[in-house]
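Next come two complexes built around chain A: one with chain B, the other with chain C.
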Partner chain A sequence: MMRRTIPTLIAVALLGFYLFPIYWMYATSFKTLTEAVQYPPTLWPSEPQFHHAEVFQKFSVARYFVNSIVITLGVTAITVVVGTGTAYALALRRNLFVDLILFTILLLQALPASLMVTPLFVLFNMAGLLNTPRFAVVLAVAAKSLPFFIVICRTAFLQIPRELRDAALVDGNSNVGVFFNIALPLARNSIVVTAVLIAIQTMGEYVYSRSFIAKIELQPLTLGLSNFIGAQQTDWIGIMTFASILVTPILIVFIFLQRRIISGLTAGALK
Partner chain B sequence: MNQVELSAVEKHYGEYHALRNIDLSIPEGAFVALIGPSGCGKSTLLRSIAGLEQISSGTISIAGERVNDVPPRRRDVAMVFQSYALYPHMDVERNMTYSLRLRRRSADLIAAAVREAAATLNLSGLLGRYPRELSGGQRQRVAMGRAIVRHPKVFLFDEPLSNLDAELRVKMRGEVRALHERLGATSIYVTHDQIEAMTMADHIVVLKAGRIEQQGPPLALYDRPANRFVAGFIGSPSINFIEGAVTADGGHVTWEGLERPLSLGRRLSAAQRVQIGLRPEHLAVATDGTMAMVVDTIERTGSQTIILGRCGGQPMTVIDHGRPVLARGDNLRLAVAPDHIHLFDPDSGAAV
Partner chain C sequence: MNRALDFVRDRSGFEMILIGLSAVYLFLFAGAPFVFNVLMSFQKVDLFNIASIDRPFVGFANYQKILANPDFWLIVRNTVVFVALSSVCQLAGGFALALFFMQDFAGASWLRGLFLAAWITPGYAIGQVWKWMLAGDTGIANYFLRSLHIIDGPVYWLSDPSLALLTITFVNVWLGIPFYLLLISVGLSAIPRDLYEAAELDGANAVQRFCGITLPLMRDTLLALVALGAILTLQQFDLIAALTAGGPVNSSNVAQFWSWQLSFQSYQIGLGSAVSVLMLLVVVVIASIYVAATRSERAA
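The block that comes next holds the complex of A and B.
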């Protein structure tokens, strides 16, 4: 009895620890300003308020949201299209050259965004890309997320037995056909999962957007959120309401894809 | 006309010389087995015929057409893989029709081909299942089905039975052979199991280190092995090899410890050193035998008795088809017919 209870208690405690900030964000978003800053804090809003519609309109959340979606879709599309092809090519052959490429890819990923942002700003400025700042952010973030995508998807392609490709070639397919008919369907789960993880990460992207996007009309949600923090005062209710609007769609996507994400992580049982 | 023709085929992987000067002619409708130990190049040779490997030099022709630079999909060959290589994301029916769908055959033709193949292979009830829901034997049959729906010019088999358990393997051996008889298509079959090759093939090609050691009908290889390697590879339990020499008169052979030289029934140059090969099944336990043997171990299978011991100081395996009453340490006398004595050059290994 004890042997099962204690691990369960630990698991519940850890889960609570992880989920509490999310709960706090949602709870605060329903509080009045006075209740939000009162000490000791209340765990549950005593007089629940709905600021959400008001905040949504007043702070043009829709516009920020569209910008975030544009950037996220752009990054995910570029990463998936370029990354899947690259990962497949790098999975087909094993030699010193491929190892060198993989090493370089991993090395590039290790550079933090805060380090890359200045040289990229200069580069994009010279190239005139800052006239289309969301596209500049898409390029920068895609470049950053590609290595992760390539490494994960290459592993997925490597798990496909060579004989499956051979069988398809003998059965009458071309190399391109084998990629689309055999390799892609079998690596689909890994590709979807990695793409979702990258999309979620991009929704939270801040550094490049902050530096490249000056026009407020083109800024994504993360920048909108930071606008609440003023020099004199911080609108905690606004922040929490805004944040809960930002997080909710991500959580919904996660819940819907949860089954697939888990099966993607355990995929590979090809035999 | 020869369906598959290989001439002077060479294959290098960097420094590694995988195939050396392979010449092979396979008549239409023949069942050819490629055998040899692992790493001998038999799978590479098969994959080269399929077009999955590029040969370094030489020519490969299928049905009279040079196919060196033809991709696998245009060679009209079907291949059955050791791991079966069924497409995990397709059910049995789509696995079997994949090649026909790629060739955009009509739906009627595809349906008819599947029906026929499924009936032949007892797969009719499994068409909607996925490979993961099938047993090993069923997967193997689907792999066969995928090949036969196509009616290809050549069937290529890459150790298709080696993942099955022993009982099923023997059963499928018969079925593959029966299928070949019925379809009459040219088949090339890679195996490391000499019994499979001996029982199924019309023509056996023995490979070693990328070179053809000998090729011919199964019994010819058994009766007249061209060299020591082939003699040792074909036959089970394997042949006994003894270091010996031809006697001074040139008509007998002997080894140290043997009391009476064995008559050869032919004349050879006197006193040359030879390796003597005696198949266990050709050694007869006989009271008037000329060789004395001391028994070490006796293995009884019911149908035969395998006697392991020493004969003139040399280890020797003998098969007896009776059930002799024997114990460790017993003395036997063995006889062998002169035409069952194989002799090989001790240096080159070639038959003498």
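The block that comes next holds the complex of A and C.
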């Protein structure tokens, strides 16, 4: 019994220590200003305060939220619509051509957004796309998440037995029919989870939004946080409250889908 | 030639359309900008001619200006330190944790998965949390370290030029460890248990088993992971923007942030794209190592 509980306790302690910053963000967001800056700091807020509603209303968090959601939905939609079929087609067989495409996709996945943002900015500017800056961000971020999506969903399609496809073809299904009637339903869960993972990442996107969206009315939550910091430099309670408004929905989704997100990530990275 | 024929014969038009969709999209928004970037790095690009196609070519002038910048070598050194130190520490930390979680105890895989909660939070937001924790006078980090008598007075982790780079590296390691932990765990669980049992019967101790079985069998996975970790660290922008913005006086600046600053803060877009081109070459080399390593892993 002891042999099995002691490692569990150590693991819980390690995890608690590791995730302390997330706890500290929430703890600070519930403190009063005097308590937050007092030395020595208190580990638990002595008189918990809710600043969240106030910050939410005063700093137009709702508007930033809507922009984040618009961008996230756009990126996720483009990625899933464009990427799913490609992932399927690349899982059907293995030859030099497929290897070459996979290599290119992995290369594209590695290109840092902060380096691609310069040429994209100039190109989008020339094409007039910066007049619709949220759309420009969607296009750029989708190009970044598409390779990632293809790599992970391909491993899901690879698990569908060949015989199933062959049998459907013999039964008179066309290639198109096999994709929509057999492959898509079987890979549906993986597609949904990967899409959620991409949505989570897009909610936290910063580089492209910061570089493309000058109008405050169109900026997402991450930029809302940075505007807030610009205006309230040392209001750490406000900053932690704002940060927690951004982080909480992401953490909730993660906790619900933890197992599936992890298996998706590990399958994609090494295969 | 045979392969080319096979490829035409056994590929349906439908598959080509499916692949073509992504190919066109990625060409438009990744491939073409990549090439366009190289072109821009040989041009004079500023706010006045940003909208026109016809821009003066300046040869290698942008590259010369970058190399002549007094901070060039500082930023190169910072980038190397940031990437190398991050990769080594993430690997070591992730490996140690993965070995710990390989023990059979209640809740092991569930608790291991929860580490990812940090990795999944937006870098810019969690960077602000760290900035608050690392604040010199009111930060909790200094309080802990002082209580443990590791430091005597407040340490200014982010505004001390000799510490800023190491501090952002530390936070980046913290952020990356869960990713390593998970992927190393996958690799470890693929090693057959009976290898260890046989070695134990032969009298090999834990260290010998680790060096004789675990390390050699994990070699390709680890190489792939180091490359992948380096790629992720080279993409790190949000943490730097949140913590130091490259300062004080470039002491924590790295190439991927510098390139962005040149383009979007001082509007020297030609210079920004020259730095970007140099860094993208590095990324392409590392990514090729990663792909090669994952290939050989599958073959093994």
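As a working rule, the second predicted complex is superposed on the first by the 245 of 271 C-alpha atoms of A that agree within 3 Å, B and C clash if a C-alpha of one lies under 4 Å from a C-alpha of the other, contacts with A are read in each partner's own complex, and residues count from 1 in each chain.
Convention: contacts are C-beta pairs under 8 Å (C-beta built on N, C-alpha and C of every residue); 3 or more make two chains touch, one makes a residue touch a chain.
The model shown is predicted, which means the values in this text are computed figures rather than measured ones.
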{"item": "Side-by-side fit of chain B and chain C on chain A, or clash", "value": "fit"}
{"item": "First (chain B), second (chain C), both or neither touched by A:118", "value": "second"}
{"item": "Comparing the two partners chain B and chain C, which touches a greater set of residues in chain A", "value": "C"}
{"item": "Partner chain in contact with A:12 - chain B first, chain C second, else both or neither", "value": "second"}
{"item": "Degrees between the directions from chain A toward chain B and toward chain C, using C-alpha centres, nearest 10", "value": "90"}
{"item": "First (chain B), second (chain C), both or neither touched by A:4", "value": "second"}
{"item": "First, second, both or neither for A:143, with chain B first and chain C second", "value": "second"}
{"item": "Touching partner for A:166 - first (chain B), second (chain C), both, neither", "value": "first"}
{"item": "Superposed arrangement (fit on chain A Cα atoms) - minimum chain B/chain C Cα distance in Å", "value": "5"}
{"item": "Common ground on chain A, meaning residues reached by chain C in one complex and by chain B in the other", "value": "174, 269-271"}
{"item": "Touching residues on chain C, where the partner in the complex is chain A", "value": "3, 6-7, 10, 12, 14-19, 21-23, 25-26, 28-34, 36-37, 40, 45, 50-53, 97, 100-101, 103-108, 110-118, 120-126, 128-130, 132-133, 135, 137-138, 140, 143, 147, 174, 177, 179, 182-183, 186-187, 221, 224, 228, 231, 234-235, 237-238, 241, 256-257, 259-260, 263-264, 269, 272-273, 276, 279-280, 283-284, 286-288, 290-291, 294, 297-298"}
{"item": "Partner chain B, residues of chain A touching it in the complex", "value": "161, 163-164, 166-174, 177, 182, 185-186, 269-271"}
{"item": "Contacting residues of chain A [partner chain C, same complex]", "value": "4-5, 7-8, 10-12, 14-15, 18-19, 21-22, 24-25, 28, 36-37, 39-41, 78, 82-83, 85-86, 88-90, 92-93, 95-97, 101, 103-123, 125-126, 139-140, 142-144, 146-147, 150, 174-176, 179, 200, 203-207, 210-211, 222, 225-226, 229, 236, 239-240, 243, 246-247, 250-251, 254-255, 258-259, 261-262, 265-266, 269-271"}
{"item": "Parts of chain B lying in touch with chain A, wherever the complex brings them together", "value": "47, 50-52, 71-73, 75, 77-79, 81-83, 85, 87-89, 98-99, 102-103, 132, 146, 150, 156"}
